[in-house]
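Listed below are the structures to be examined.
In the two assemblies presented below, chain A is common to both, partnered first by chain B and then by chain C.
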Partner chain A sequence: MEQNNSLPPFQGLASPQGALTPVMPMFSPMMPYGSGLTPQPVTNTNSLSLLEEQQRQQQQHGMPGGSGQTPQLYHSQTVTTTTLPGNTPLYNTTPLTPMTPITPATPASESSGIVPQLQNIVSTVNLGCKLDLKTIALRARNAEYNPKRFAAVIMRIREPRTTALIFSSGKMVCTGAKSEEQSRLAARKYARVVQKLGFPAKFLDFKIQNMVGSCDVKFPIRLEGLVLTHQQFSSYEPELFPGLIYRMIKPRIVLLIFVSGKVVLTGAKVRGEIYEAFENIYPILKGFRKTT
Partner chain B sequence: MASTSRGDVLALPKVQCPNHPDAMLVEDYRAGDMICPECGLVVGDRVIDVGSEWRTFTNEKATKDPSRVGDAQNPLLNGGDLTTMISKGTGAASFDEFGNSKYQNRRTMSSSDRAMLNAFKEITTMADRINLPRNIIDRTNNLFKQVYEQKSLKGRANDAIASACLYIACRQEGVPRTFKEICAVSRISKKEIGRCFKLILKALETSVDLITTGDFMSRFCSNLGLPKQVQMAATYIARKAVELDLVPGRSPISVAAAAIYMASQASAEKKTQKEIGDIAGVADVTIRQSYRLIYPRAADLFPPDFKFDTPVDKLPLL
Partner chain C sequence: MAAVGLKCPECGSLDIVDDEHYSQPQLVCADCGAVVSEGLLTTTRSEELQGTDVRYSNSTEVNKQPCRNQIKGIHRVRALCRILRLSFVMEETAENYFKQAYEHPSFIRVSLQKKEVLAGCCILATCRQHSWPITMGTMTCLLEANPKLMGVVYQEMVKALKIEAPPTSVIDLLETHCQAYKLSPQHVHEELSESSKDLTKRAAVLLELAADAWLVTGRQPVPILTASIYLAWQSLKPTQTRLKYTLARFCQMAKVAKSSIAPKRVTELKEVLCKLGQELPWLRGSEMTPQTVVQMVDDILNYRLTLLRKALKSHEAALASESELPPSLEDTQPGPRDDAPSLDATASQPDAESAQQPQQDVDLTCTVVMGGLSRAGSGQVSTPSKRSLFEPPSVTHAKIRRVQLPVKEVTGDEEISDSEIDSYIRTPQEMRDYAEAKEALSSSEEEF
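Moving on to the complex of A and B:
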């Protein structure tokens, strides 16, 4: 955030482009001319989407004279940048474009401001060699192996608190991590354990198979209304399960929606799908808010 | 010789009245005639009599019904095959070689539909146990046939599909049965019936209405032997409780059970939570939980014309 504090000296003085030259804008998540970003609620903490937004803005405003679209606040700044010669249009042509909303969607209302928290990540990796589960179970710590019950060693580590199922084919399933990086780290730790036990373990095809997130919309929801209008997506059987099961098609995500307003999202392969699904469902849920 | 009273579009000679070619001929089965209704002309005669071959009186010992026609066909469900079955012989001359084996057993009558017929039998048995009327059984059979022909749930046990079809049919007819009630007459677990239920709805692309508390009132109350007044009061209480959103997220069965408990405790016919739980298929702690939620507003929930045997403030606090 300190970049924003250093912005006021930039404005109106030297060209922002000149100040930018040491720093490639592609790699800084906060553009210096992004002081326009601060007044707005930044909902996406994912730096990747900000990068895409900036690239999109640069493509949109190829002409430096795009002043007609720019809002009033930085009026003086527009003038200074357009008069400066030798500016590479690569960096920024109109620094005022950040005033356009960051999130491209939801024309009617702004985004919800609620970010689903990831609760569980399931990933698989291939260790690339056949394993002898009995030796692993006997020599490793925190490993349980009951071949009559299940044909895999169940190993647990404490650091990213996770559980792994290690099969004799060399494939492994890692569950319980709270982020993608933690899942990868935990899988590497398990692979290291197996390696230390003497097997030629590799780390092939690490893939995240499922991500589960949850959040709270903070108001009660009328599930009966929701199941009436969204019949083809929803299934609400209070005898079977107290929550409504909403199978969204566009990001293929299953949401469990409860009367209290808590929502669980699952079935995602990437984090963005969870966020996208929640942004899709939030206006629908707002429409079924309980009024009493 | 086929009777073509309806003028069907097969390549059969159409009988029609020479004077009134458009008139629909009336069949007089007793005389074996086909009569034109406009002019009374007997157009076709010697129509095959479809009545029984002989008359059987109830006085005579009816051990042997010599009818050679057999049961009515069910073409809608069977696929209408006309097979001949050889039943076991009764006389001595039924080829008892070595005394044991009789003449060849009845062949596989309709191998493809054998499973379906079995399922229909199972459905009828299940429905009989809870006294379901013929229309629900027919609807269940139709649903099963659709699911069976679709083959999307082929791997599932037929009994599970049949139980789920029974559940859906009851729902569609407006008289839903709880999953537990269907479980009671089926060998399949509630979990499996629930799974098949969701799969069938997806396969047939239908949906069912949401259950309400009122759907179960008459059945539960009459099983408990409660008078009509109490039943009406319980229905009113449950509906009011859901309208006032006193029981968010609770299953309608639990709310209905709690309403019955409150209504019965306020009347002369008091029932315990255990008894109601037994009939409704809910645990008595569940009734207790829902009852605790509706108890504070008890005074608002009763219908205005209810005659209290126990006044509202003396209702048990459990």
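Moving on to the complex of A and C:
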């Protein structure tokens, strides 16, 4: 018996408000329901709505000596204001059914200009032969093997700086690389080490299993607001973890969003998924930017 | 005919038949009737086909009655609902959730410990849906469970049952939290007592201010609640007696659990109040310190709108004047007053230093104070124009990150040099040493 909760499922977020837009963003009935463009009825009982307006105005009237890094982008975004139907979205958002949105729909603005950096790649490869872990631990300098704790040899190489778990079945997991090519190179080096130790190692079925990226949107985020409007995707439990866990469905990525504006993306099999996920989340986060 | 080649020892006939005497198998000679051999009268346990234990899940009882643990769990849910004095509707909902979750494949086989915690999680989800303010910590205490386990089970349950339970906001929790403080005239001295209503009202305003100043998002709710109640209590009657009470003593007096994080929140909240209090016109230029701010909290909260506006204006002015002059020539901040004295004072020094060392590529020490911007190595000083009046503390006190080496471009298919691989393999001498050392170690271990 599924209880659909009291809150209406889609409280979209406010489109990026600049001083050039009217205070109440317009929305036409032609907008697909739940496209994320329906403005969120912000119950701003506190004193700071005034504050935000002021702050916005301050930022509109030029950032004194803006540094080269992000303000350019910032300016352009406030100029392009509300996105209206008629613009093709940057990424293919599927036609959403009201009750079960799959993608947090993106208003068609330019890309954020921020590129997530890859921090960790996990890959697996099959060496194709049974291995004797005791021999490997004996003959390799960079190996540790503690059968009571874990049934695999932990081997490390310096360049690229990675760690590998080598199992007696011949399968190996390689972690710590910063790019797909580095991961592949590292896996090959481990395979070569195992070869030199006297085993007929091959290099079969190399596959990237997980990719982790991170980036910084450079503004603080109201996580409480985000969890209320995107309840189906987010989980925010400050008693357990300080960040908000956002499970995006398309692409299937998990994002950890923190109040400082740092975002960690994980669960990708290819690099493009991380970029796509970030481009999907950036407009949503912008909607929750409260400049105080 | 029985086994070939068997001869009756009595008469020597080869006609031996298999004949059972009740349940005992016997080999009998057909001619003279002598028993050649007999089997066991009883069978062993493993040979029994009927009468063995049947697992509960395979029996038919499953359909007739729910299992004992489920019944116990439902009783536990009911008991907890009574303790928390929840309404009948909520009790029913919680029971339903529990039944559904218990029979869900992801929970049917878990340990008993998890099933106990599951009862609490169902109640928690129900409370959240009906906007009944309760923290996970309270539930964990009631169940005497491990908080991490509670978190895991709660998240699994929400996912499995596909329910939506919005987390309680901190402000809703305030009133219930306030009730726990024993500050009525019958508990404490008259001068130190405070009515729950007044306390809640004042603390609510403080809490709102804290929330807007980014002190609440992403943090444990209870310490900030304690901090706001403490400051509310102090500021409602800022006499010397009250001001002398530290947070620890206050908690002791009010018979509330101490927290190690709450003092930090008090400090942060006082800083925010200082920033606002600095704008009070009747200060006439004197400094507002965390020590003196408590007396002025009343005024600050009454006029907080105006003070915020003024603080923003002076902040803007400070930023504008900063950016006019090149940062490398500035050693001190231009204005006599700054809204973030702690922030700006320390910022000015690294400003000057980093401008003189543009080649300092990935050194992040200067960016630490620059609001935690992680872009490194551009040699450019990040301008303070992005800094707003209030920022989350994790941005203000950003962690110093390890130097990030630039990512080398590799194709993944390069040649791997033999020498490099050889550096990872032990020489025969090393191997011998290693083997000897291991033997020595293992033999010494055996001795013990």
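Odds and ends about this structure:
One rule holds for everything that comes next: the second predicted complex is superposed on the first by the 184 of 292 C-alpha atoms of A that agree within 3 Å, B and C clash if a C-alpha of one lies under 4 Å from a C-alpha of the other, contacts with A are read in each partner's own complex, and residues count from 1 in each chain.
Everything that follows uses one rule, which is that a contact is a pair of C-beta atoms (placed from the backbone, for glycine too) under 8 Å apart; a residue touches a chain by one contact, two chains touch by 3 or more.
Just so we're clear, the structure is a prediction, and the values are computed from it rather than from any experiment.
Look at A:Ile284: by the touch rule set out above, it reaches neither chain B nor chain C.
Judged by the touch definition given at the top, the superposed model places A:Asp216 against chain C, while chain B stays out of reach. Looking at the shared chain after the overlay, A:Tyr236 reaches both chain B and chain C. Once the two complexes are laid over each other on the shared chain, residue contacts for A:Ile154 go to neither chain B nor chain C.
When the two complexes are superposed, the chain touching more residues of chain A, out of chain B and chain C, is C.
In the superposition on chain A, A:Arg139 contacts chain C only, with no contact to chain B.
In the superposition on chain A, no contact is made by A:Ile114 with either chain B or chain C.
In the superposition on chain A, contact is made by A:Val259 with both chain B and chain C. Once chain A of one complex is fitted onto chain A of the other, the partner contacts of A:Val122 are absent, as it touches neither chain B nor chain C.
Chain A residues in contact with chain B (one complex) as well as with chain C (other complex) are 220, 224, 227-228, 231, 235-240, 242, 258-260, 292.
By the touch criterion given at the top, residues 178-179, 194, 197-198, 201, 207, 210-211, 244-245, 248-253 of chain B touch chain A in their complex. Listed in rising order, the residues of chain A touching chain C in the complex are 1-7, 46-48, 50-51, 54-55, 58, 63-69, 71, 118, 138-142, 157, 159-160, 178-185, 188-189, 192-193, 196-197, 216, 218, 220-224, 227-228, 231-232, 235-243, 258-262, 291-292. Chain C meets chain A in the complex at residues 93, 96, 100, 129, 135-137, 147-148, 151, 154-155, 158, 161-167, 169, 208, 211-214, 217-221, 304-305, 308-309, 312, 316, 319-320, 323-324, 372-375, 378, 380-383, 385-386, 388-392, 394-395, 398, 407-414, 416, 420-426, 430-431, 434-435.
The touching residues of chain A, counted against chain B in their complex, run 220, 224, 227-228, 231, 235-240, 242, 258-260, 290, 292.
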